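What follows is a structure written as structure tokens; I'll ask about it next.
Chain IDs A, B, C and D follow the sequence of writing; residue 1 opens each chain.
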Amino acid sequence: MRKKIRVWFATGICAAAAALICAPLLMIPSGSLMDSVEMRRILAPILGEGKGFAVWHLIPFYPTIGHFYRLLIESPAFYQLFWNTVGMTAAILAGQLVVGLPSAWAFAAFRFRGRDFLFGLYVVLMLLPFQVMLLPQYIVLQKLQLYNHPAAVILPAIFSTFPVFIMYRGFTQIEGEILEAARLDGAGEMQIFLQIGLPLGKMGIQAAIVLSFLEYWNLVEQPMAFLEEQAMWPLSLYLPQIAVSQAGFAFAVAVMVLIPALFVFALGQDALEEGIAYIGVKT
Amino acid sequence: MTDREIRWKSGQKDRGLTRSRLYAALLAAVMCVGLLGCGSLEEEIPMGRYADREVKLPSGTFTYMRACPDGSYYLYGLDTNLTYVDAQGESREKNWSWETNANIHVKYEVGVADNGAAVFAYTPKFWVDQELEALWLSGDNRYLYCYVDEAGKNHALEPHGEGYQKGTNLNTLVFSQKGELYAASANQMYRINVENGEADSLFATSGQVESIVFADDVMLAADREKAYFYDLTAGKLLDGSSVLDEFIKSHSSGGLVMTLADRDRQADTAEDAAEAELDGAGGTQILYLACRTGVYRYIWGGSIIEQIADGQMTALGDTQREPLALQALDNGEFRLLFSGNYMTEMYYDETLPARPSKELAVYSLEEIGWIRYAGQLFQKEHPDVLVRYETGMDGDNAVSKEDALKNLNTRLLAGDVPDVIVMDQMDMEQYADKGVLRELDGILQPYLDDGILYRNIVEGMRMTDTEKIYGVPMMVYLPLWLSEEMYLEGEDGLDDIVAGVELARQKHPEGPVLYTPYPKDVLLQTIPVCLPAWTKEDGSLDGEKLTAYYEAVKKLWELDSAGFDEAGREAWQKNNMEYYEPADMDMADIGFNYQYNAQQNFGETWLQLGFLMTPQVGMTGIHVEKANMAADWQQKELDDEVTYGAYTGQADNVYWARMIVGLCEQAKEPELAEEFFEALLSDEMMRKWWLDRPRNHSGLTIRKDSLSDILDISNIEFGQTMGFKDPTGINYPDFWPTEEEKQWLYQMMEDADCCYRPGTMLEECAMETGIRVLNGELTPEEGAKEVERKMAIAMEE
Amino acid sequence: MRWKSKRLLFLLPGFAGVMLFYLLPFFEVARRSFVKSGNNAFVGMDHYRAVVENGAFMLAVRNTFLYMAVGVPLLMGISLMLSLLLRGLLQRRRLVSAMLLPMAVPAAVMVLTLQILIDRQGVINGVVTKVSEQIAALPVFDAIDYLNTEWALAVVVCSFLWKNTGYMVILWLAGLSALPKEVEEAAQVDGANRWQNWHYIIRPGLSGSFFTIGMLSVLQIFKSYREVWMVAGSYPQEHIYFLQHLLQNWYLKLEFDRMAALTVILSLVLLCVCLLLQKRLEAG
Amino acid sequence: MESKKKLWKGFAVFMTAMLIMTYVSRIVYVSQMPRIRWTNPVAASIQKKLQVDGTVEAVHSQAVTGLEGLLVKKVCVAAGDRMEAGSVLYEVDTEDLQAQLAGLNAQEQAWQQQEQVRRRDAATNTTRAQEDYDMSVTELDRKIAEETKKLEELMEDLDTHMFRIPEEDASDEIWIAWADERQRFDREIAEKKRAIEDVQLEKEKILRQADRDIEDARRAQNAAESGLDMGVAGISQVRERQERIAFLTELLLEEGRVKAKEEGTVLEVMVQSGMRMGSEAVIRYADDESGLLFSTVITQEQKSMLHTGDSVRLSFPGSSEEASETVDSIVQENGAYTVKIYLDAGVGRGRTEGVMEVTTTSEIYDYVIPLKALRDEGGKCVYVLEEKNGILGTEISARSLTVRLLDQNEDYVAIADELLAGDMKIVTECDKELANGMVVKEWGE
């Protein structure tokens, strides 16, 4: 009985926390259905046009799907950018898997001098804000003739140290003995990596994929700096500066951006759950 | 979950995997479609155009070239000897005794035959024959002629004959292939026998014949109106070609030269030539014509003139040079002699891109119509230059000002520097300190010395620390108040404005006075004239001035609101709301050019503070984008005139600098940038802009002569484009400045010396805090402290 | 030796890329911090001295340190507590997805919602004043202008927590799931109460995760600058004037050498902290 | 696991939906895009054709004046008839004619008697005046003869005196006396001459007076014969009556038929039988040798195309006749201009309207475009195609360019602007309302 109460208590708190986090997000779907006149009227105090306080109608008085029509039907600009974003994010994730994974494995499985120092350096490079790296990376890209080309955003992202850091955590779960045993059986490094490393680190990989996706799905700074041609821009630059008059439209864009993210979460979550369960069995 | 259960789940998972793998494949396919979308194909540039290379001329200045069929040519200049240059390029001078006493004769025209014989038209310096001298002195400068055969033996040539008019000069002397001399006077064509001077007149011409070519036995003589075909054997005029006449008529300005070539020797151009036959003349000849727009080909006797070379990117297109003679060489190339002792050979080159080679990079934060227009004009005049005009932010897309500046700084630091920067909305001092900008004192000195530009305005741009000028505004706005009667008397600053508004308020208790529906408007109208006074010499912020400013602005706001009760103000703001969106209006575009359809409710406002933006609109009906009250009042037939005047805030003689142009230190094309800068400052550019686009509000030009020219351009010349049509379609007539008003405007331009540049950090802080002061959150003192605090951090950096 | 070269093969591609796009640029930045920007003359520590003595720098460091000191522990604590609660639940997956949503919202829209909520006449002030009016007991609440008063930092921290909690909960869950089940079951059999269970089993197991999640929280602190800048502009209220504002403003002022010096200082500090933490947590 | 599969399916469905929507939205976007056709400006001249109708009428149409007071019995011609010299126009009532004639003759006789009496008195006056004249002439001649004789005597005395010049050595008094004597002679000669002149003057005065008297007398006599003294009106009245009598008698001989004096075409008949004629015109006709006049009215704007001396092509509706004539005069009347063209002989015979056509070709303009490409949005402007790259890659957009109008006709217009270039693409047709900066596409299917 006590156990049931505890479970109820726990779900209660978590539900409250989730609700608190999602409450502001409810403004997005409601905003996307609100036409600009109503939007201006309720936000007048914020625009310095009225006294009193702004109020938000979760259910708009005059709902309209005008924004969605304008976004999805009238102009194909949204899709152009949508596919740009999808393409870029996919390329980056794939690249990170191909490059980041072995690096993380190398850090986790091998002992070599200066490993910790190098890993520390990786972490610092991960933490450094982009503003600092803007100029030198611009010079490098200029020399590689990659400026104003999608690769200018994709390549630096592929070699980012962030996924390495996360995947490294996944691999550290594996105790050294298993490795030694496998090596003794004469398994090649590659085989060890594929047979033992990958399945064990699956959880870390999926976490890295989800978090990387989050990171690069809404990338703003790099494309704005390195992509001059608007035709290559990602979705996040479609409306970075939103004036109140376009708020409705911006909310509609946000809804369309959230949908794929939801799928990825769910799938990523799923994989995570599975990974966790799998690991549970193994050890 | 028991082990079995998990395995079962995982097992099932394996079978399930195949279907999910299918979905994964589908997903991958969709993603690669996205990837395809990103690539951009390389844009291919059309290749191949005519280019020209300079040919080194023998010493001396040459003004005449006689092309010989075998590719060699004779050169002759008034102070040089006749020089023969053979096909390989070696030149031999012909030394004739007659030449030696050159100093006694002033030579004018010359005609050279293929074999080197020549005829000169000259006038002796010392007249022997009194009668001829008399003729000469009487202004009829009649030439004497001398024939020199190929051996150098010369004898005087006295043209005579029954058709020959003695008084006229033979300005064109040409030898045919057979060595006969044909000469043309202003209206008559002659054939002159070189031995005895016997001249028989062939036909009359409408103008002076300038070019003569011979095809077998047909002579083509062309004046500026038409081409005459004359059959030498039959001795009669043939009917002309209307196509050729039309071409000659429209292309002879700026020099038109022609030459003839046998078609069979012009191997490559022959097979695509039309097979037209001129009766009797055997159409084996091609006539080449060269003029400013390029080289054209006319198949003898045909009816089409094709352009085979574009003059733009060659010496032909150069407006300073005029083609004097043309020779068609065998391999489709052409040799051209130009005025100014310059000879080129034009050849066709596949490898050259059809695009110009040099590039001039012009950068500005926002799109400025005038700069783009100037760039296009500059490019038309300099065909070998491509003007690339980049803007940091283009209107609709969403790059913020800081992001655009960040991109620009990245490129500056990385060395990819534009040649010309227009620094509206940018912080000029900062770029000047960092050495990005070039000091313009050297270029501006001649302009200032002979008083072309308004000295005070240019001096206003001088940096306080380095005492150098790094940017010059092309246009300026001048502060101007406008009201139905004399509310603002003198020019003693902010208090005068407050007093004026109080006066207007007493007169009109109801409704608005200054027309400021939102707090932001009061600030918009007053900051430009006060901001320059807030920074002390040492660059720090002057707190009291800022406090005084906020107090005055608060009073203005209360005065303006006094005309309303609470509900009234709300209603008034509401009906302004749909055309006027204060929220997304930031300081960048307070230049009163936001879409402001206040004309309807203009009648209620009595005092307007604005900026004069268009020079050629009269004072009596000052058209200030925001305050074209006059036009409104005029329609209400108010009997009294509109009064107007200059106003000052805490800083006086303020001018609003627009289109501040600066040149970059490490520009790739420094002299080209300088040339562009001078083109921008040229009177021609200023006038063209106003003539072409009279209805624009880019401001008053800082060139004295252009400003007065523009103001003098009579109203009629603008004809249908006068008048300003506001969105609702009401057409407001503009009023033309009277003479006295023009002087008043020139005087204001003379003494405007305090520069206001929008878009600085201080202005943004003052604006934000100002709104909080007017909303009552902060008292003026607190507001001033708040701004000081924020600026402290900025200064600190 | 065969293994050695093989192993290098794993690290090399990644390392080459990192070298090209991150390390080389970092060394370039370091080089520029010792050199005068115009004519590349060696200037030594001038820039560093200029940075350290700069008033704005001190303010920025204090603010950033305060922000981290408050933000990171709070975030880690809340997300740990939540993940512990969530561990046992069935509907865990849906709740976690809900919490993760803010991460997926484009920055611009998040800023817009923030502006609507925390403006002086915003929705939150509206609700609170309405509530305080209804309930006589509460004192009359006058609207706080969050962005222009000391509350600014509170607002920044709250939005930081709001955005990243879901993120950290996932990582904690990942960490918790790695703990061996049997030990815990055995402890329960012995009647260990919850606290002992936590202290002796879970906490040591999570030490590795502590380091990862700590570092990632710091990373999110730096990533949150974009939102703070879009909400409060380049010169915000003094309490939320962070190092990155300083970096950006110097960059806009073309003061790249000072910016480079600050970057080097910052990265050295981070490196030491990271190495220290790694040593202690790995060992523990 | 179930939910996993569902999720993957959901995700895949979403992505394919997005792919399909990409094409759908692009189709919708393109279908709404205005379609345009464009041309390059061409260097050509503007040909303007002016076609105006106008009336053809006689230059100075002749008129047959009515016979005052007579009664018209029958009208024999109508408007538009050909008439030859001598063809009958109309007939006058003979009885009425005879009655008027009789009245007139009676007045004539009365006048004749009165005239004889006056003439006799005048004759006597003239003879008397003649005698006075002769007498005064002979008397004056005599007086002149005496005077001239005295003058000659004095001249001889002077000559002799001149011979008796004293010698040089003579004393001064002698010289003085001689000088006085000489002066006396001079004085007397001068007086004598003066006297002769006076007499001659007086003689002329008298003679002139005499002449005038004779003249008056003779004129009076003439007037008497001619009856002048009745004053000018009287004389003319008499003469007029005599002419009318002569005319009426002649008409009577013709049994009242009035014939045409010359050939021509009748333009208008203003009289009908039974009407008593006044003095104004009865029939208007155009005689042949005086030419026809084509006149028309053109507007101020058309005036710019036409100048005096231009050759124009005239055609006449209803006939294949055509002629090329030169414009003789263009006169401005309150805003409009009347054009007059005198037709050559034989042109436009018998026509009342004509059509004037003139084609003028201007000089060669650099940039000539079809008129439909010109638009008017607060000032003349054209739309020029240019490439614009935005989110959807490079697109064609129409930019408006204000231009100055040089010359135009119905379907072409010559424009000028610094930025114009030969290779610019100017929009001529568009199926939607164009705005500046609008994205457009070429007119495919």
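The rule is simple: contacts are C-beta pairs under 8 Å (C-beta built on N, C-alpha and C of every residue); 3 or more make two chains touch, one makes a residue touch a chain.
Worth saying up front: this structure is predicted, and the values here are computed from it rather than measured.
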item	value
Comparison of B-C and A-C by number of C-beta pairs in contact, larger one	A-C
From chain D, the most remote chain by mean C-alpha position	C
CA centroid of chain B to CA centroid of chain C, Å	54
Distance from chain C to chain A - Cα centre to Cα centre, in angstrom	15
Where chain A and chain B are represented by their mean Cα positions, the distance between them in whole Å	50
Chain C-chain D separation of Cα centroids, rounded to whole Å	101
In chain B, residues with contacts to at least two other chains	13, 30, 33, 40, 397, 406, 413
Shared-contact residues (touching 2 or more other chains) in chain D	4, 8, 11, 15, 18, 390-391, 393
Residue numbers of chain A (touch at least two other chains)	80, 82-83, 86, 131, 134-135, 139, 229-231, 238-242, 266, 270, 274
Touching chain combinations (by label order)	A-B, A-C, A-D, B-C, B-D
Chain A residues touching chain C - in the complex, by the definition given at the top	7, 10-11, 13-15, 17-18, 21-22, 24-25, 27-28, 43, 45-46, 51-56, 98-100, 102-103, 105-107, 109-110, 112, 116-117, 119-129, 131-137, 139-140, 155-156, 158-162, 164-166, 169, 172-173, 183, 188-190, 193, 203-204, 207, 210-211, 214, 217-218, 220-221, 235-236, 239-242, 247, 250-251, 253-254, 257-258, 261-262, 265-266, 269-270, 272-273, 276, 279-280, 283
Chain B-facing residues of chain D, complex	1, 4-5, 8-9, 11-12, 15-16, 18-19, 43, 363-364, 378-380, 390-391, 393, 402, 404, 417-419, 421
Contact set on chain B toward chain A in their complex	1, 3, 6, 10, 13, 30-40, 397-400, 403, 406-407, 410-411, 413-414, 416, 518-520, 570, 573, 577, 581-584, 771, 775
Touching residues (chain side chain C, partner chain B) in the complex	37-38, 54-56, 59, 120, 145, 148, 229, 233-235, 238, 241, 246, 248-256
Chain C residues within the chain A interface of the complex	3, 6-11, 13-15, 17-18, 20-26, 28-29, 78, 82, 85-86, 88-89, 91, 93, 95-109, 111-113, 115-117, 119, 121-123, 125-126, 129, 143, 162, 165-167, 170-171, 173-174, 177-178, 180-181, 208-209, 212, 215-216, 218-219, 222, 225-226, 244, 247-248, 251, 256, 259-260, 263, 266-267, 270-271, 274-275, 278-279
